[in-house]
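What follows is a set of notes on a single structure, which appears directly below.
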Amino acid sequence: MFLPKKIIEEKIISFLKEDAGLGDLTTALLIPPDVIVEAKVVAKESGVIAGMEETLILLETLGLEAEAMVSDGEEIRKGKVLLKIRGNAQTLLTVERTMLNLLSRMSGIATATKRLVNKLKKAGFGTKVASTRKTAPGLAYFDKKAVKVSGGDTHRLHLDDMILIKDNHIAITGSISKAVKEARERVSFSKKIEVEVSNVKEVVEAVKAGADIILLDNFSPEQVEKAIKVLKKEGLRMKILIEASGKITEKNILEYASKGVDIISLGELTHSIKSLDLSLEIERQ
Amino acid sequence: MFLPKKIIEEKIISFLKEDAGLGDLTTALLIPPDVIVEAKVVAKESGVIAGMEETLILLETLGLEAEAMVSDGEEIRKGKVLLKIRGNAQTLLTVERTMLNLLSRMSGIATATKRLVNKLKKAGFGTKVASTRKTAPGLAYFDKKAVKVSGGDTHRLHLDDMILIKDNHIAITGSISKAVKEARERVSFSKKIEVEVSNVKEVVEAVKAGADIILLDNFSPEQVEKAIKVLKKEGLRMKILIEASGKITEKNILEYASKGVDIISLGELTHSIKSLDLSLEIERQ
Amino acid sequence: MFLPKKIIEEKIISFLKEDAGLGDLTTALLIPPDVIVEAKVVAKESGVIAGMEETLILLETLGLEAEAMVSDGEEIRKGKVLLKIRGNAQTLLTVERTMLNLLSRMSGIATATKRLVNKLKKAGFGTKVASTRKTAPGLAYFDKKAVKVSGGDTHRLHLDDMILIKDNHIAITGSISKAVKEARERVSFSKKIEVEVSNVKEVVEAVKAGADIILLDNFSPEQVEKAIKVLKKEGLRMKILIEASGKITEKNILEYASKGVDIISLGELTHSIKSLDLSLEIERQ
Amino acid sequence: MFLPKKIIEEKIISFLKEDAGLGDLTTALLIPPDVIVEAKVVAKESGVIAGMEETLILLETLGLEAEAMVSDGEEIRKGKVLLKIRGNAQTLLTVERTMLNLLSRMSGIATATKRLVNKLKKAGFGTKVASTRKTAPGLAYFDKKAVKVSGGDTHRLHLDDMILIKDNHIAITGSISKAVKEARERVSFSKKIEVEVSNVKEVVEAVKAGADIILLDNFSPEQVEKAIKVLKKEGLRMKILIEASGKITEKNILEYASKGVDIISLGELTHSIKSLDLSLEIERQ
Amino acid sequence: MFLPKKIIEEKIISFLKEDAGLGDLTTALLIPPDVIVEAKVVAKESGVIAGMEETLILLETLGLEAEAMVSDGEEIRKGKVLLKIRGNAQTLLTVERTMLNLLSRMSGIATATKRLVNKLKKAGFGTKVASTRKTAPGLAYFDKKAVKVSGGDTHRLHLDDMILIKDNHIAITGSISKAVKEARERVSFSKKIEVEVSNVKEVVEAVKAGADIILLDNFSPEQVEKAIKVLKKEGLRMKILIEASGKITEKNILEYASKGVDIISLGELTHSIKSLDLSLEIERQ
Amino acid sequence: MFLPKKIIEEKIISFLKEDAGLGDLTTALLIPPDVIVEAKVVAKESGVIAGMEETLILLETLGLEAEAMVSDGEEIRKGKVLLKIRGNAQTLLTVERTMLNLLSRMSGIATATKRLVNKLKKAGFGTKVASTRKTAPGLAYFDKKAVKVSGGDTHRLHLDDMILIKDNHIAITGSISKAVKEARERVSFSKKIEVEVSNVKEVVEAVKAGADIILLDNFSPEQVEKAIKVLKKEGLRMKILIEASGKITEKNILEYASKGVDIISLGELTHSIKSLDLSLEIERQ
């Protein structure tokens, strides 16, 4: 997800504008324009860092010098100094909250993602942990990027990405077979087609119709097991990727993985966040 | 926080644009342009609803008819139908995720806020539960609105709101007294001045310097008690409002409230979210 | 490529704003505000129509009534009335040029695309005709949509679409095998991987490395033939899609198709346009 | 058409944003962040360059060093190195297509314009070659600029430019005389008034009514000749400029010029483009 | 200056957004969402109305019904009801100030313009009163429109309008003759050329060089008289328009007009404003 | 009102874009691209400077070197050189008018504000001079900033600032007491509540209901006197701030101040402007 700085800058500055309103009054009242300070961002709890690249762009854009002490994707301990900053005090105080909100949120997402990625890896599974489109509104780039730096899969970035045929599409089209066939006929060659299914019978129908990926929606581990068994029996398992989604949590993720799915996706990675606790400590020069 | 529909519409449509990219390909491939559907949004868990006003504006803007079955701020049970929608299937399928992301997030914030508000109310305290500026970047309006509909206090909306003199401002200015005095001299008459303090001595200094509100930062309940005792002794308690912040959780909130603070603010109300689980069920007409 | 009207409207209105400047002076000087006119858009030459959906949105947004007499993708003869419009004369005269510029350009693209699509179809080939990212700057949605309505393939919509490993990526990575392997390891499961190759040896390397699609760049028909022969011999042909690009024109397209490629892409579909000649005829009511 | 870099930058970056989506995935997967490359843009065919100024702004804005080897308006031969670039590989690969799309399109317009300008010049005519408002939607600045660097006339830039009274305005106003008189009365002194006419009788009426410029719409060369003869006879020729438009092509342009018109305008200069074939060649450092 | 409503709407809504911030808190606290009110805008002083068209668009966009009792350009007396409004109370209270700010400012400009226009007309002069580019930043459309509705001349709308060669251009180019000649050679046929001169000698030079309009900058009435006399003597007066600017006020405008200039322009029409006093009176229904 | 440069830059560049249109044609025709000039901004009349900070940002953003010879808020004499500029001639000529429009307007506001502030100060009153929300549409930041640098009070910045209960709110709510009570109950603790009253009786009602500030609307000096007397008698004067507004001018401001109000607000500070006369003098290097 490489974007030139100029584009990221524009997104981030819009966050600052919202928070600044017509200006930081407290800072204007109390801080002389020419004060230079040094500051550091410190982790108040352990976790994984994401958003450092974006933070550096934000600070640089505002004319503040910044040096990152950790990289995106790095696991850090409580107390770690993440970032050193030097520059105009008015500017730094004005951007403080916007900067921390972004870095904390993205690091919170990265921390949760990494926990699941590591859990699967330690248990010896190659299963991918994927996010969904259940991001905070307007924050898809940042939420997906945070998932990515922790080794998670970004899944669809927007609606013009891969084809994902869901229950509602199937209902209106008439059947899974018909939906997959029609989609395949009309879709660009550059796109994969994934089909959401709700039972084992549909799994086979979708694969036979030519889907590239099957999304097992709200399957129990047992249903997953059965679906894969049937596919193997029919010699269809190698032709497709299998994603499981719904009802999967940190608790039961290993059980799902053990059934042999390729991808496990969880909406909560991006819709239910625990921000990583970070703080800015300023020292006057 | 009343905003004309036109302004809210613009904010929300920007969310949809991000998610849509160059278009919903799956829907374009499979759904004929003239299909009309009826649908409903159903709560998959109990909670408090926020974002209904914004959701109605979004749907109406896109030409979909919508009827809200609950109002913002209302507590609902799992299974409750929140919203009925009727209109073009392509449009509805394209907006589905953006709509649910917004409504789920805002309802998640409202649910968490209400839990604390109710806890204090049931225990007989008049203490206000306030959010902070620790919102998701770019979502201040929506996060604050969600807090508000559950009876929470929005606190500062942006940096041009109330004056809030924090440790860094004090460090650069020299002292609390000096900072408050300078701020008072230069600030608009229309603004309150709040001062963040870190110990009891500073509380008294801030009040005597003329602060309107004192923010007890990371005080233990015992420190809070002591601070208030001292203020009462000096006859200063009635002149000011007292806000406590930092280290306060759902567990110890009653203990803090019992010490007599006026406001308790929690960053987690907006920076650490558990979205309310909602789903859209579509029926073809 | 379905987008809600609201989003398309915003794109199109920005075109009108550029052309309008501070206003249509001639119209303001000469046309009374309350004149209602009827008008029609007529084809001055035969071709295929695209942009009708967008044109209807533009007119409706401005409060003009419009009725399309043809649909996007339809082949029409010179003299055909494409669209009937009724409404405020000032508004219609102001939007005339923007409307025709859009409809003519998109129809020009659709006409050229259809000619190639039909040529292949008539010759009995199933080969897809694809556009590239060589669109006019800022017009990707409209250029791709025009290709699509004529049965062309949109190929990648933007850089966050399918992975396309080109010569420069390979040069920096070291080798085709290494590039494909690294990409596969890190890419989302939802993406296909295409590799651009410049000779037959690379074709095999790319397929063996696991590419989903091979882009034969600037191959002569003979080279294409040889590449496919080799792939068949090694039993690899069915595992992949083959795209040919570069040096292909309307003249030699059948020759390329006859060699058995799946997709033929041509930059000129969108970078070198002949707009379809259309005109607006207004009648006063 | 001088615009400060900051304004041009904003227009061009919007093109890049459209193409980039949430980021260049291929580049992010395969190119390390710190690779520096040198590259050059090479002409694959002969033509006239336009868009170099805009290209340099684009590259500089993204932090890439660039040195132009040719200037806007310069005629170049196939094989010519137009531009040398040095900088971050990820950034360059991401911007490659947007840069080439802009430079190729503008150079294509400049090449076609120059061909006509030179043709007239060589034949000894002082007639101006003008573009129209038939540009690609949203690209007026770029299309007009490309015409200009080749010595073409930009004609009206937008609708708040010169007054141009067309058939529809005349029809609603009642007559040419009435339209010109009303326009003259109400228009700013800073504007010229041009009138579109469809026969010789109208030419005289328009000139007598006080038009500054007459647009002969779809006149045959013979009609043009007759119109000018009549004007001369009435001693009106020197009072006005004469523009011919419609049905004029590269083939018959000299014939029109020979009849003595001052300006010949052609919509195809900007609505029907053949982009100049350019390519970017990257070398790793 | 006709612009479609959609474009004006966008400009005006941006004003409302600035004023609204995150919302009208007072209104949200006190006014129930379903209150319908009737209101009227009343003139607290006499003057000329401008901005009514824009005000109606603003109100309509927000869903408020509005009926104008006067038209733009109309002279009204103190006490006159200008506008009747009916609709949602929250919305009306939120937009009240933005609406009045726009209507008062534009009417203030129209009132001042009309005073001068009438003064010249009553004295029997045909001299035009023109504004300059000295508008409030960002408000060119509104300021110029207000001048226009009172019969003033809008002069250049932006820098891509007529050519205006000023002292600084002449200084860098070398001489008036050289500047006019070079401009004439390169400029589009659609543009007039005006030259700013500072003494009588330059007037003649500019006219002979081929300027369309001469701007007498900071000339005394006597200098104006002399300049025109010289031009007449040389038989050049009829070939050009003469504009006087600088040092001209309501007091001496007739004296300048009496010397025979065609246009008198005054920066103060748009840079120094006295808003017309208007108020909104609301009645609950 | 401190805002980071990046945010101010964006606002100011939008002004330049409006004025530039598709470019400064005169400058493009006559000024070579590589001319470097030195220039200075000179005051043509005495006054107070505001907008210097914004002007420096504008010039720097465009790549022009600038050195301010005075600071915002400084009183200067006619003839004073305010600013020295060095850089590209094309750029400077293009930005000249936008720069002067901004600096002249803000300085005009600052000059008028300072006159009142000084008048009160010299007369020995501590009364604050406040602006209102009657700014030019879209220019709230700049208008308020200009008031501020001259020691004026910015009053409410937007509608999400302090609560200000006006006659219309009271009419709909039912009574002052009810309105204040309801507002107090629901409002954030961070906001003050001001109430607009129209007679002495309402003053007392508002204070007793718990308002923080009373706005005496259109009171005569005698009514003000009486209101304050009554408040003192009831021992309520010290509990509140008193603002007077309406009918107050430079002439009678001392009389109002003498009655003991805390704040005097005047809409004319920002709605009726006399720009400070400034000019740019360019010298070729």
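Letters A, B, C, D, E and F mark the chains in the order given here, with residues in each chain numbered from 1 onward.
One rule holds in what follows: a residue touches a chain if its C-beta (ideal position, glycine included) is under 8 Å from a C-beta of that chain, and two chains touch if they have at least 3 such contacts.
Given the structure is predicted, the values throughout are model-derived calculations rather than measurements.
Under half of the residue numbers found at the chain A and chain D interface occur in both copies, marking it as a different-residue contact. Farthest from chain F, judged by the mean position of CA atoms in each chain, is C.
Chain pairs A-C and E-F differ in how many C-beta pairs they share in contact, with the greater number at E-F. Centroids of chain B and chain C (each the mean of its C-alpha atoms) stand 45 Å apart.
Rounded to whole angstrom, the centroid-to-centroid distance between chain A and chain E, based on C-alpha atoms, equals 52 Å. Each of residues 1, 20-25, 27, 31, 94, 140-141, 157-158, 160-161, 191 in chain E touches at least two other chains. Those residues of chain F that touch chain E in the shared complex are 12, 14-15, 18-27, 29-32, 35, 37, 89, 93-94, 97-98, 100-102, 104-105, 108, 133-142, 157-161, 163-166, 168-169, 171-173, 179, 182-183, 186-187, 191, 267-268, 271-275, 282, 284.
Note for the complex: chain F touches chain D at residues 13, 16-17, 20-25, 27-28, 31, 61-63, 90-91, 94-95. Contact residues of chain D toward chain F in the complex are 1-7, 10, 140-141, 144, 157-158.
Those residues of chain C lying in contact with chain A across their complex are 1, 128, 130, 153-157, 160-162, 188-192, 194, 213, 241, 243, 262-263.
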